[in-house]
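Please find the structures below.
Next come two complexes, and both contain subunit A; in the first it sits with subunit B, in the second with subunit C.
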Partner chain A sequence: MTEVLEEKTTKLVNLTIDNLEITAPEGTLIVDAAKLAGIDIPVFCYHPKMEPVGMCRMCLVDVGMPMRDRDTGETIMEKGKPKIQFGRELQTGCTVSVSEGMVVVGYTEKVKKGRQDILEFLLSSHPLDCPICDKGGECPLQNLTIGYGSGESRFDLEEKQHLAKHVPLGDLIWLDRERCIQCARCTRFQDEIVDQPVIGFQNRGRKLQIVTFSEPGFDSYWSGNTSDICPVGALTTADFRFGARPWEMQASASVCNQCSVNCNITFNTRREAKSGGDLVIKRAMPRQNEEVNEVWLCDKGRFAYTSVKKDDRLTQPLIREGETLVETTWEKALDLVAEKAKEAGKEMVSLVGGRLSNEDYFNINQLTAHLGGKSLLNSEMAGGDLVSQVGLGTGSNIADMGQGDAILIVASDLEEEAPLFWLRVKQAAERGAEVIIANARETRADRFAKYKIRIAFGQETAVILSMAGAKEGIAVEFLADDAKVKAAAKVFSEANNAVIYYGSDGLGLSGSEELSKACAFLLSETKHTGRPNNGLVAVWNKANLQGAWDMGFRPSETLAADLKNAKFAYVVGNDPASKDILEKSLKDTDFVVVQDVRLSETAEIADVVLPAQVYTEREGTYTSAERRVQRFYPAVPAPEMTKPDYKITAKIAKRLDLSLEKIAASLVFLDLAEKVADYAELDYVRLAEVTEQWPIIGRDDLFYGGTSYQNTQGLGKQISPAIETETIKYEAFVPSVLSKKDEFLAVPVTTLYDRGSTMLSSEVLQPRIADPYVILNTADAEKLGVEAGVQISVKLNGKTANVTAKLDDSLAKGIVLVPRSMGIPISDPGSITIKAK
Partner chain B sequence: MANFERFNPIPILKGLYTTFHSTFFEPVVTVQYPEEKRPVSKRFRGRHHLRRYDNGLEKCIGCALCAAACPADAIFVEASENNDDVRFSPGERYASTYEINMMRCIFCGYCEDACPTQAIELGDQYELSFTERVQAIYTRDMLLDTVDELEKATPRKVEPGAFDRSIPMMENPD
Partner chain C sequence: MNALLEKHTKDIEDILKKYPEDQKRSAVMPLLYVAMRENGFVSKQDMYDIAEIIKVSATQVASIVGFYTLYHDKEGGKHRVQVCNDLPCALRGSGEYLEKLCENIGIKVGETTEDGLVSVESVMCLAGCDKAPMFQEQNPDGVFYHEDQTVESTLELIEQWRKQEAK
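Here is the complex of A and B:
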């Protein structure tokens, strides 16, 4: 286990903690060294992911050093052992680092007394309302009081402070002022870890209080994490208030499906009276995976489970009879689907969304191939094929990147598109990695970027190509002698390791495809491929788009025509009809089968609707943007008549004389591993393997790292890119330039809190959703006579909508940012008309 | 004749005497159950009650410690949040679901011991018989003490801010 720390410093020192002789890397804090050796030193304010501050004094220990002769500097020996001199006062183990010959003692009366006194102080105004406290049962203060407290207090009960117990810090976090022990873990997290100090301390001494400075309160995507690391029940999450006692819940491992980071999650479940006695998810907690999400989650991922409702689920196969859909049996529905699929043969298409599991994609693709149809992906981002060639090398871990390494972010608002990637890149920057940003507008990642290349929308590909020094046939003159680009290109090519994150900021499908090619080319030109911590990451906007690409699905530029010309459309896990143009073409498709969990707009116009299962109800795997394959497990039982997607597909296939695995996801995966080369070495057992992780979190020691869960069900496996054998050839192409005939150019951007179905159907997240808006340049707005926050009317793709105007100085003139899934459908950059009201 | 010699009336008379004595001179110990019922001992543990404060508010805070203490896993509690418009208990939290499965319960009284507010108490009632399993599940409404005045019923609207402590400190809040 020590290797983890050893990497950082090579020199080891010998010391004794509680009579145990141990070796630890120089510079390790006493509390960490003790933890590594299996000795607990109680802490409140210290957290292994943050700098020590020594605020609570709970970690008191007696520290002794070998005595030295003043003249000679020799160690003074006594009975053949170095003579140890202890300090007069106790010291805080979280602020002192280990040194050679040190002796740390935590069991003497003096230490015990010291810790007892600290606890007595901490409890002097604590309400002791453990019976109703959500932290009760997993509370560091409770546990350490039982372990180290005296059980008595000399303070007068009447003098306890009474403070507000019910303070909404924001929409997602409630504060109980009485319970706070002023450890500053929450404020330091917001400041140090996520660089968003929207909460802080006010006043001093006993009057000290946590307050929020932002409007709306606690305006951060990361607020839920403060509740995990708060060592008391002062910060509780809105979804779980009084939801259950911790010991009453079962834990089941899962993977977040809100973005392509695929954070590891644990769902806590319990039977619930208002759900008719069903097992339901009560809360989602981070599950430690130091290579993915460490011990953090973003708020969208944490609260997304609240959007799954029992009553809007599809529970029965439906079949069209005239104008209406009527319930039918599985047999009848599947027979009809198979019959129509057979008739259509080659003229069938499968259209899948980005949140199915690899097993589902695999079976659907097999079925489609069997019929000779097309496997299409409903996505506006491309490049998955290149990621499988030049993606991150096996063994990559962004946490290993630092000094001498470079990370390039292009066309991505990383925090909005994939919050945890943003966090990991930020930390790499703090360790010394050079972050280069090529974006057309300011994002939160600019704050830690060393090189900020401000491009115009549409120049993404050109800037990457000019960094790669490509000559032939590329119009890159306008950037060629930009000193910043040159400097960044130099840093990038000279870096020991380099990673590119490309996103979809301002890009449609064709733009994205060009950009991915340019990025792959740059990596291959600079030899940043095929090695750990080198390669391409596509910041997908859906959880398993990489898996879909790996299983053979491709987005189509001509999707509307493809659907229109198809005799049979098999639409799984996506809702094309929510876009007007696709709805029109679907109406021309002869036969539409929808396989989904809710009655989507597409389902409403379908001929047959098949009820599938939500990912929390079944097993499967996802492949993250870093190409890590991870398993998720069933947390709650599925509605009786529903089936997992891979099984439905297999049942259709059987009627078409194709035998596909349907019994279990693990068996489908075996088939998949046989047929998809990159997955060849994987199986469910290997994906469930875990190795020791540092820091040690989520066992009995909730006081050390918070209430995150220990990972016992698998860290997943990263699959290797093909480039270890091939090189990327450069195909000369002229990047398409955005034409700006009209006054305003609308470009699609991503915002985490959009108006998608997850956000809209979750009562917890709803208050965080903004009204539909667009962002204008301040000067443009002035010209139009538009002020920030007023309603304007916009016309895009023939559709008019009323939206709020937001202003941004950093934006180029003539550009209008239109967030995706925010009320105005947008897939590609295009012209927009704006009218003030 | 030999037979006559062996006949000894003494034991029969002794027996008749006992009958005679206990019938006319000893107190009656049998009771005519179910018309008559024997009083139970002070520490008797029968069917549970959920108690109220004098002002009618419910003592239970929905902490589920009773359920945690129960060796037979007979208790199911689910909590919800109070507010001044819809108030059940003086604190922030009350039991919105409270069920005891009397068929599981072994009447050990651990729930009583675990309860921080003395909300759950085992009473005198021992006549628990059911013809269907579901009848054995005593819900919150069956367990809660009834109130005699309407204004003491819960939930009710109270003065804003009157009950701001999470667990009432006082024996009987007004």
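Here is the complex of A and C:
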């Protein structure tokens, strides 16, 4: 049982807990050692992911140590055994570490009495409203009261405090002040784990309460986690409060498809009258995977499920009749699609989005190849091919990185682009890893980065090449001479292990491609490839872009022309027509087929629309940015007439004399594994394997790690980079010099809470969406006479929009940050005009 | 704009000078006193301003205000009478003293007199049990202890404050 912890330390000690002789690594806390041995010591304030504080006193145990002779220092023996001396007082098991010969007792009357007293105090003003409390059924206070509590209270009922019961701490989390037992798990999480102390304690003693003074309230992407680890029903989430009882719900394993981290989640579902007797998702909880998301989720991932609505789903194939789309049968729709595809032959293109499963991509690519068409990816980021060459080595786990290792973040606002990556890198920094950050502006990752290289937008590639010590004529000199760059380069090159996260901050497709090449080159030059915890991570802005690359899809610099010249466009899971330029091209495409779950803008101009299924309704796999292939499972039934994408594609293929698997995703995966070399060793059974994880959470115990779910349905498998040893050459460097004559340069950046369809269609997340905005340098704003928060008029790519002005001191002059999917379409850096109103 | 910093630029800069570059957050307590100087309490805006100056969250500043009885987040009287009502003081009659005092000046614990001169609060240990009943007076000039009090002596004191005010 101790293997999990053993790896990290060397010295083991022997001790006895409740008469069980166990071995545990030195320094382990008593509560953890007991947990490893299968003994539950009840806790409230202690959480295995946080520093112990010993606040609640629930984990009281009797601790004895072997007696030593004062003169000789020898252990005193009694009846052949060391004589044990117990302390006068009980001790908190969460603050005492184990040591050789220690004897811990948790079952005696003395201990029981101690715990009873603590519970009695905790309950002295607890409302005991379990029948209407969301935590009821998975509440440690409830469980422990059954275990240790007395049947009646000695406290005067009249003296009970009556406090506010519905306090919104922002839009996502509600606080019930009466239920709070002041364990500080939530405030410590916000401070210690995510470095955002936007909730805190106010006042003292019985008056102590949790408050937030941030604007908006509880302003953090991580707030949902505090509800998971709250040991009572004090913090509840806006989506789930008063929604269902834990015991009524089923659990189904899934993978979050909001970003490329691919956090493991569990959907809790219930059949209910309120939803017309349907099985519906009631909440999303973290599913433990210590190599991916541990026991955490960001709020967008947690609440994203609320954006899927029954009403706006496509449920029937549609076919164009003149100006309108009319419902038709699958047979008719598929026959027409196949006929047109055959006519187009080589002149067909498939255009896919970044959230399809590997099985979908595989089938679509097979069909496209069969016709001789182009497999295109609607994405503004490149480098997936290089990630498959020099991506993270097999067996990588950022949690293993620390002292002596280096992590380089370039062109990425990591928390906005992939929150969990940010968290994992932060933790690596706390373990001693040297974090190097090369960004054109300040981000939250700067707070833990040791080397902060402030570059200009457009210098991303140059800084990486400078670090690689690229030969003359390649790198831009002033960067290579910069002291900070030199120091960072040295640290990176000398690190035992090194990982690069490159993002898309300020980059379009071509910039991203150059940067990815430079990063691969740097890794290759410094020999940080082909080993665990070494390699390249592309911080994709969609869940399965790496999978799309692996299955053969590529973004195109000339997408508009590709679509325009195509006779047949097969658009799956993306909405190109939402961009003006692509909409124009699509109008010139002879025949457009859209396969999607909603009637998108592209669907509205399509010739045939095929209704697909949402990922919560079907099976499949995603490949994360760390190239971990993970399975997701169906949670709820799909609308009757819809089909999973891989099946629709297979049905079209069949009409074109190509046999593709359509029965089940697992079978498609077998074909895929045969044809895609990197996936050769995988199958659905292997992907469903689990191994013991630490800390132990989510089981039928006295609450320890929170209500996150234990992982029983698969940790996934990380696939190895295709070429583990080959060196990468960097040949062409075309510095993407940005035009200086523009008064203002607009650069695209990513914000987690954008105005994309997930955010806009979720009633829970909606209040957190900002109005469309751009960010200006403070000095520029002053010159323009623009103050923070005022409306300004911007003109970009021929389109004018009114947006809010935000200011950022860390920006270079002349730069305007334009968030993607925030009302103003932007794909590449470009000129922008700004007018004060 | 940071109103607090603008109003007390020199004082705040002097305070900040005492702390190392990476530990400016430790200046929170003296800065709170600066904020309290004006109106005897820390307004919500003051908390945001201080948070901005020392780069912590406003919630953290509010936590500190809430923790110490010497900081106030609500407007009170010019003289805050903070009566210790812990067990040893209570045994020496501070409970009765507090009750009677309030009755005499016509307010409840936690309230302020209409003229804004006095507010009465009940607080935890002030380390003056041997001279209880006692209270701590907080006024714009500082903090003062008044020990071995009777309702009469305190009323007399309040009368003096009133006279000073009238001058």
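Here is the rule we go by: the second predicted complex is superposed on the first by the 830 of 837 C-alpha atoms of A that agree within 3 Å, B and C clash if a C-alpha of one lies under 4 Å from a C-alpha of the other, contacts with A are read in each partner's own complex, and residues count from 1 in each chain.
As a convention for this text, a contact is a pair of C-beta atoms (placed from the backbone, for glycine too) under 8 Å apart; a residue touches a chain by one contact, two chains touch by 3 or more.
Keep in mind the model is a prediction, meaning the values are calculated, not measured.
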Task: Once the structures are superposed on A, label A:212 by its partner contacts, choosing first (subunit B), second (subunit C), both or neither.
output: second
- prompt: So, does A:245 touch the first partner subunit B, the second partner subunit C, both, or neither?
  reply: first
- line: Chosen between subunit B and subunit C, the partner touching more subunit A residues is B
Message: Touch test for A:203: subunit B only (first), subunit C only (second), both, or neither?
response: second
Task: Once the structures are superposed on A, label A:127 by its partner contacts, choosing first (subunit B), second (subunit C), both or neither.
output: first
Query: Given the touch rule stated above, what does A:273 touch, subunit B (first), subunit C (second), both, or neither?
result: first
- prompt: Now for A:800: first (subunit B), second (subunit C), both, or neither, which partner does it touch?
  reply: neither
Query: Do any residues of subunit A touch both subunit B and subunit C, and if so, which are they?
result: none
Field: Interface residues, subunit A side, partner subunit C - complex
entry: 196-205, 211-214
Statement: So, in the complex, the side of subunit A touching subunit B is made of residues 127, 129, 131-133, 136, 162, 165-166, 241-245, 247-248, 271-274
- prompt: In the complex of these two chains, what residues of subunit B are touching subunit A?
  reply: 61-65, 67-68, 76, 78-81, 91-93, 96-97, 116-117, 164-167
- request: Note which residues of subunit C are touching subunit A in the complex, please.
  value: 44, 47-48, 51, 56-63, 65-67, 124
